[in-house]
Amino acid sequence: MSAADIDFPTAGRFVGREHRFPVRVYFEDTDFSGVVYHANYLRFMERARSDMLRVAGIDQRAAFDGAEGVYAVADLSIQYKRPAHFDDALLIISTVDQLRAAACIIQQRIWRGDDLIADARVTAAFITPEGRPRRQPAAWVEAFTRLLPNQTL
Amino acid sequence: MSAADIDFPTAGRFVGREHRFPVRVYFEDTDFSGVVYHANYLRFMERARSDMLRVAGIDQRAAFDGAEGVYAVADLSIQYKRPAHFDDALLIISTVDQLRAAACIIQQRIWRGDDLIADARVTAAFITPEGRPRRQPAAWVEAFTRLLPNQTL
Amino acid sequence: MSAADIDFPTAGRFVGREHRFPVRVYFEDTDFSGVVYHANYLRFMERARSDMLRVAGIDQRAAFDGAEGVYAVADLSIQYKRPAHFDDALLIISTVDQLRAAACIIQQRIWRGDDLIADARVTAAFITPEGRPRRQPAAWVEAFTRLLPNQTL
Amino acid sequence: MSAADIDFPTAGRFVGREHRFPVRVYFEDTDFSGVVYHANYLRFMERARSDMLRVAGIDQRAAFDGAEGVYAVADLSIQYKRPAHFDDALLIISTVDQLRAAACIIQQRIWRGDDLIADARVTAAFITPEGRPRRQPAAWVEAFTRLLPNQTL
């Protein structure tokens, strides 16, 4: 790892089909009850999804700038298992669960060591700049297909 | 309405068993794709829940300061139906769906006029300062019971 | 005030040249140290500025949608005087301090009753969609001029 | 770097007296105008300050849990020089500018490559759990002193 890499944000990494993404809990993430505010786990998970796509070779920004489309969360469910606290080092493990023409379903678990903090399932729909569902770009479908559970690595 | 009231934040109001709470969409709520960022609807809904409790006579801050306990979201599911945009005036309608000893389940729908923006179901668990489930205070159970669907108004 | 108004978000009001805007402190606004997180006062102040413009007759959304331009904060200083807590009812008082061709300087004070919570000065620059400074629309300059300290009401 | 380290969040690093901390811009950080929302740079800077302390050997969480005290921002000024966008890789460079008994002043600059995005000066005051100013722990003063500009490295 060069000096330049050290000054560059991590995008996490794949271990098999699992994307692993570390997150630190800062002041901004907590609330006065002493734990991470429930909506902020969704921010952590979106960071992990964006970087899972990045590492899989998908360039969301180019697709948006080229007016092709953008992902929007269409459906989300999350169970909060244990609270996380200021200063905790968390790991978000994301896997592609299902692939549809215009959407993909991603499972995301948030861990602190061996403790499961939260368990979520997110449907991300690909939409046009006008907000209509659109088929995901062929190269993206190919990238996702390699990450599906029924595929041989 | 006196001058003082005008300078005071609204807590919404009950119409029958429905708590109605208005929210304006500001810069902070949107993202570069042009619509409200998905996690921010959870912030809107929490404001509505806190003020639903306030109007129902439940003082969350006193319970926290007295080390009785605090609500924590244990489970949440949300479907995003239509995007909301900067400057939109939204209305959050919350109803108590179910009451348990140490939790209550609240249904929350976000509307822009007649358009349903999001539809969510939230389980809020009452927990001790140490994070263990605790029975909700008797007065709160009574307040919630009056809001249950099978009750006569 | 009609039933419809009650379900509509407030935009605050002018008392003379002062725009007064109420804010409630929710879970999302605080951090584990027990008080409002410092960056969140900037969110409160932006809500107040957006609604000050709205009440003054300035339509930011139409200007953005029409590709005329949008305000961006160019400079900000803030002194934090006292902490605010969960459940506090705050009042943000904003005044136009200075008007330039492509920017306006707004003073914003956050109060809890007679306690000054924070005191800030914000320079908002009007910029094109490409990010270059642009003269503010003539009608807006007129609206701001009426709010300047050296003007007769 | 071991596999475990890869799954661990970075805390940045010191190069001389400068703490360098990388940040990626995600959906959550932007607003509908297409750029990073101005208040979110304060969140980035607080992450950098927290990790600057961590790398300098200061344990904020232990001090808070032990009821010694916690830092609170007392004064902040920031100039926004250029907008940052979704997907940008930023670098926050923080230096200790001045040290007082109960506060330290930190200069923070946000860079995207050679472009200066924002330039800020933050006074962080050490306060008791009741919110009163308190002398910073001796070991912390020592750690900060090594980082002051007039010190020999």
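A, B, C and D are the chain letters, set down in written order, and residue numbers restart from 1 in every chain.
Going forward, contacts are C-beta pairs under 8 Å (C-beta built on N, C-alpha and C of every residue); 3 or more make two chains touch, one makes a residue touch a chain.
This one's a predicted model, so the numbers in the text were calculated from it and none came from an experiment.
Engineer: What chains, if any, are shared contacts of subunit A and subunit B?
Structural biologist: C, D
Engineer: If you tally contacting C-beta pairs, which comes out ahead, A-C or A-D? Let me know.
Structural biologist: A-D
Engineer: From the centre of subunit C, which other chain's Cα mean sits the farthest off?
Structural biologist: A
Engineer: Any idea how many Å lie between the Cα centroids of subunit A and subunit C?
Structural biologist: Each chain's C-alpha centroid was found; their separation is 34 Å.
Engineer: How far is the middle of subunit C from the middle of subunit D, if each middle is the mean of its Cα atoms, in Å?
Structural biologist: 27
Engineer: With chain centres taken as the means of their Cα atoms, state the distance from subunit A to subunit D in Å.
Structural biologist: Once rounded, the distance between the two centres reads 26 Å.
Engineer: What are the residue numbers in subunit C that touch two or more other chains?
Structural biologist: Only 27-28, 32-35, 39, 43, 46, 64, 85-86 qualify.
Engineer: Provide the residue numbers of subunit C that touch subunit D in the complex, in ascending order.
Structural biologist: Going by the criterion above, the answer is residues 32-35, 38-40, 42-43, 46, 64, 70, 72-80, 82-83, 129, 131.
Engineer: Can you check the complex and tell me which residues of subunit D touch subunit B?
Structural biologist: By the definition above, subunit D touches subunit B via 27-28, 30-35, 37, 39, 85-86.
Engineer: In the complex formed with subunit C, which residues of subunit B make contact?
Structural biologist: Touching subunit C: residues 1, 6-11, 13, 20, 22-24, 26-28, 43, 46-47, 50-51, 60-61, 64, 85-87, 89-91 of subunit B.
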